[in-house]
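Each in structure tokens, the structures are laid out below.
The same chain A turns up in both complexes below, where it pairs with chain B and then with chain C.
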Partner chain A sequence: MSPLPLPRMVRYTTRRLLLLVPVALGAAVITFVLLLLLPGDPAIALLGQEASGPEIARFRNLLGLDRPVPIQLGLYLWRMARGDFGRSITLDAPVLRLILSTLPATLELAIFSITLAVVGGIPLGLLAARRRGTAVDTTTMLLAQLGVSMPVFWLGVLLILLFAVKLNWLPSFGRGAPLVAALVSGNAGLIMDSLRHLILPGFTLAFFNLALLSRLTRWALLEVLEEDYVRTARAKGQRERIVLYRHALRNALLPIVTIVGLQFGNALGGAVVTETIFGWPGMGRLVVQAIGQRDFPVVQGAVLVLALLFSLFNVLVDLTYAFIDPRIRYG
Partner chain B sequence: MMLRRLTPSAKAGMAVLFVIILAAAVPVLFTRVNPDELDIMARLSPPSAGHPIGTDHIGRDLLSRLVYGARVSLLVAVASVGGAVAIGVLLGLLAGYYGRWADGTIMRLVDVFLAFPAILLALALVAALGAGITSVIAALVLVFWTQYARVVRAVTLAEKEKAYVEAARAIGAGDVRILARHIFPNVLSPVIILATLGMGTAVVAESALSFLGMGVQPPAPSWGWTLAFGTRYLRDAPHIATFSGLAIMATVLGFNLLGDGIRDLLDPKFRPQ
Partner chain C sequence: MRMLHVRLPVVVLMLVLAIGTTRTAPAAPAAGVLRIGIDVDAGTLDPRLANDTTARRVIEQVYDGLLELDAQLRPRPALAESWTQASPTSWVFKLRRNVRFHDGTPLTAADVVFTYTTILDPALRAPLRGLYLPITRVEAVDNETVRFTLSAPYAPLLKYADMAIVSRAAVERLGAEYASRPVGTGAYKFVSWQRNSRIVLEANPDSWRGRPKLNQVIFNIIPDNTTRAAALESGDVDLIHSPLSPQDVARLRGSPRVTITQMTGLGITYLNMNMMDPIVRDVRIRRAIAHLIPQTTIVRQIYREMDRPATSVLLPAWSGVFTDEIVQPGHDIARAKALLAEAGWTDSNRDGVLDKDGQRLALTIRTHSEDPNRIQVVELLISILRSSGIEARAEITEFPALVGALLAGNYQVVLVGWLGLVDPDRGMFNQFHSKGTQNWEKYNNPRIDALLDEGRQKADPTERARIYRDVARVIATDLPYYVLTYQGYIVGVNRRVQGFVPNPSGSFRSLWTTSVP
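Up next, the complex of A and B:
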């Protein structure tokens, strides 16, 4: 498979990246509107009824709430563009610092969960496709159907119940040493501690994607196996293994790669629930805690950063797809 | 006739949904106990003759909480998917049919909404609107409408170029008539498939929001809330989290099986060989 010609690829990449600008602007407007949606005076809604007059006035001035809405929006967008996300009301720290301190934990969990989903989901789908119509196929797809129907938070609770409460094998709360740092240190104890903390939240977050990937792999492979070139390969007398791995799987992998990329973005969103269940100190938990404490600058900043990361991953998926699939010709 | 052509798994999904809809519509068929009735002496008790699947943390009958909770889940699912379909179909038709600035504006709006992971946007919206059933429905409508708009736009773009639309225009049919009488019926199939699968997603989303404390507020019997409280008593009363989660999963599974079955039926690409 030859990739797209370079100039065309550069043009396409630039265009896709430039399209991110209006999306980012729109996403920032939505996070701004969140503040307007708060019932009554946002300053009182954020500070509480017991706040004093001067406190409210200072706060209004701090957030620019004492100005007309279009000016507020302009100031907000300007601050966001400069990376100034304001200060947390409850933690009295810059929002950006809070985001940067929790982002690595979220990325670690998302990457670990996607790895689990790929390592488990693709072979299962392959197995089901190879044994199409047999009990193996039926059982695998039944499990996959259960997997995509199972609420993440319930799975998390069941895993805690079994592996933390009943068997006492794995911790149910918190994060060990950062995995990358543990791996770099080479300390086996640290690595084990890190992995032990990662397993339950990682598997919880991975399960839906694993089930979805196994279904998609089976479907994509069965589609490809119907193609003429597969029939030709078989007619040439090639062994089934070669037909499956060299001819069918390579082409079936294209939609799978796309979905894996999109799932990584979804894992960032899904982390909101998983991190809360397992007390994982990432951005998802930061958002939920900030919502509970009505700390809106944190909510706005964290939601915007997650949305930007999510959009960026989606663009990267598009680019990867265009790069590896020569059938796609973008103008 | 259509029913007979559904796959066995789709029929199984329908059967599960039938039981859940029946529970929501006529709860007394399943339980005679008031879902708010307290039996404080029996709090956290395991399944017994008096309480077939046990009680919750303040002694309310769990079966009754879950049966009445089906109303909340289904109400949110129907209202949010209904609202999303209405907005998505209308905007998708307008974008696909009129093209140019209408298409540009609507699709850029879709891109902006799609920039957010779904549950995160729903959570942020409910946080701003204030927890409660109306806020949850409004937030889910705003999260879900984009997928209908995208699909309907794509179908409309293809359909409006076809000869029958040109013929309708030639005999003097106006835009509204062409959209309503000719193009709209063609967008129904993908919308029905998406909406059926979307109902399952809405049930999970409502439960997740309630689980995080931002959804339907107590004392309303919400499955997500019951599950959230159940997690606090995992050691002493695992039945609360187990059964409430099972109720959510059964409903989602029902919608997924039915949705897959309808897709198999309506989309020839998915029809079993």
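Up next, the complex of A and C:
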């Protein structure tokens, strides 16, 4: 295979990274508009039932919510451009600090769950494709069907009741030591603590993706295994392992990689149910709580960060295509 | 050689099992450490700004007020060792000596003055400022004496004097950071706060109460009610309290490791009826609605007897005031139908919906989406109202949107609640006085105004009891509120924990005598 044309890839990557600017702008404006459309405002959310008309009016004035909408939008975009995410209305803390304190937990859970999904889903799909039409195939696909049908909250609670309450093997809630720090330290106790807290929420979040990936892998492989070049490879006496991994799987990877990219994005911002059930201190919960409490600065800041992260990850996914498929060249 | 697609998942599964089975015994409380499971993270730990239950639970440990309320809601000395009423509009509090904040600075009258003065300052946006408006001046007589001057006699003052006293020096030094680095005089000192995860406190050995028996108190934020109950059951936490799901409470009662205590709390769940609405303003409609509500069934089937059926706006916790002889309209479908007919609503066109002068009897009941029990209650009420010929519909929105609707008067009937009603004044003045700041239903009754004004000013408990019973009697007839339940308060504790005394207000004050051997 010819080496990747680096200058072209650098140009492509730079262009994609520059595109993050309009992505950020678009995310910021859309979030701002959507929040304005929500009934209820931060003053009411903060003061709650103790709110009175004059108190709310005073509070809205202090927050600048009584200014014309274009001015509010302009000020908001100007602050964002300077990296000033403002202060949380309900949590009385800088938004950036809140995001930075919760983002590592979300990244940790997202990466762990995607890893589980990939490590479990792709081999299962491979197995089902290899044993197509057998009891192994049927069982695997039944499990996959279960995975895509099972509600996350139900699975999570079930796992807690079984593994934490009945068996007492794993903790029922919370995050342990940060995994990266634990691995860097090499402290076995910390690593175990981190993993033990990660297993249940990680598996809960991963199960749907694992099921989906197994079905997708099976389908993609079956398509590829019918191709002429696979038949030729077998006819030439290639070992089945080589046929499967070098010829078939590699060509089936493109749609799989795409789905993994989308699943990671979902895990980043959509893990709120898992985070709530397991008391995982991630950004998903932070954002949803902020929406419920009309904490505009937190929602705006968090959505912007998540949009940028998701876009960055998609750039990585696109670059991966070029490694997988030599026919794909960017420039 | 086995394929990777077989080997890899097997290896992963074995790893998971290895990790999992390293813990084979139920997690026991570590000696001297109390782990609490709580449902929401605190918004702020500045007591003047706190407006959620977790913040109040933490603040109770880190701070003290001039007074504190016991389990019977009676004020008892805290930072103030004594107090006198110098005149109907003047109270003098004598501070305890040699009390220090956690940073070593001494507590003085200036800190008390600073606390209350800033609460009363509109610029601070203190949520409970309204409770302290009758205070016109707070001054330091000397280093250990504080005088409160009132605009008029204010009987609930002592109940509200449990407001935590902040350190003026720390507030001025830390500024906005004070909200997340509290400095108080309490039995426990603040150690750390990982947002949405846990708040850690440690014992204050120099507390004026004496050294607490616990070394550490950890508040773990576990939003899901079932997970919190499971955490208590598995031994991952030692103490949890309401809100809890009825199904989980039933399961916890059967656990040998756990003690469940249930009592009636200081909250109510009620229907707020908008007196400005053209349909609901008719008292016959409000009484008909009340007669249609199967209160006992709701408490039994939806709340699983965790709450108590309410009789009036008087709470059982208001001892000396509460009486169950004042009763709202009870479940009586025939009476409800008669009232609707009396009000002129008939099914003139036989379409199953009552009408009058060409208008259909349409009713919308609103509640908030965060409480599944309230949604179930509303759904039940809708079906009952529909079967009685009322075109009823439900509107479920998030809490801020619901409060917005209440403030704007944009509703007919709302199912919502109140918490922390430590005094009849707290539960009635702002709700029913024509000038009350939470009189969303716009109830206007001069007799009630006069009674509520009088209740604020009378110090004699017998007089106050008579006044508030008179108010409750009128409310039970006029029905701006139909009180559905007195909210229950449930505490679950690991049996190894000793000395914890539940308080119907939800207070954790007894933590300073609690121990985990």
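Note that in this section the second predicted complex is superposed on the first by the 287 of 331 C-alpha atoms of A that agree within 3 Å, B and C clash if a C-alpha of one lies under 4 Å from a C-alpha of the other, contacts with A are read in each partner's own complex, and residues count from 1 in each chain.
Just so we're on the same page, a contact is a pair of C-beta atoms (placed from the backbone, for glycine too) under 8 Å apart; a residue touches a chain by one contact, two chains touch by 3 or more.
Here the structure is a predicted model, which means the values were calculated and not measured.
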Which of chain B and chain C A:V299 touches, first, second, both or neither: first
First (chain B), second (chain C), both or neither touched by A:T276: both
Contacts of A:P123 with chain B and chain C, given as first, second, both or neither: second
Which partner reaches more residues of chain A (counting touched residues only), chain B or chain C: C
Touched partner set for A:R241, first chain B, second chain C, both or neither: second
First (chain B), second (chain C), both or neither touched by A:P171: second
Which of chain B and chain C A:V287 touches, first, second, both or neither: first
Touched partner set for A:L37, first chain B, second chain C, both or neither: first
A:M150 touches, of chain B and chain C: first, second, both or neither? first
Partner chain(s) touched by A:I199 [first = chain B, second = chain C, both, neither]: second
Set of chain A residues, in rising order, touched by both chain B and chain C: 38-39, 157, 160-161, 165, 276-277, 292
List of chain A residues in touch with chain B within their complex: 19, 22-24, 26-27, 29-31, 34-35, 37-39, 145-146, 148-154, 157-158, 160-161, 165, 265-266, 268-270, 272-273, 276-277, 284, 287-288, 291-292, 299, 303, 306-308, 310-311, 314
For the chain B and chain A complex, residues of the former touching the latter: 9, 108-109, 111-121, 123-125, 127-130, 200, 204, 207-208, 211-214, 224, 227, 230-231, 234-235, 238, 241-242, 244-245, 248-249, 252-253, 256-257
Residue ranges of chain A touching chain C (in the complex, touch as defined): 38-41, 44-53, 55-56, 58-59, 62, 87, 90-93, 98, 101-102, 105, 116, 119-120, 122-124, 126-127, 130, 157, 160-161, 163-165, 167-175, 192, 195-196, 199, 241, 244-245, 276-279, 281-282, 285-286, 292-294
Chain C - residues contacting chain A, complex: 3-6, 8-9, 12, 16, 19-27, 37, 41, 43-44, 46, 49, 51, 122, 125, 127-130, 176, 179-180, 194-198, 220-224, 226-228, 230-231, 233-236, 370, 397-407, 416, 418, 437-438
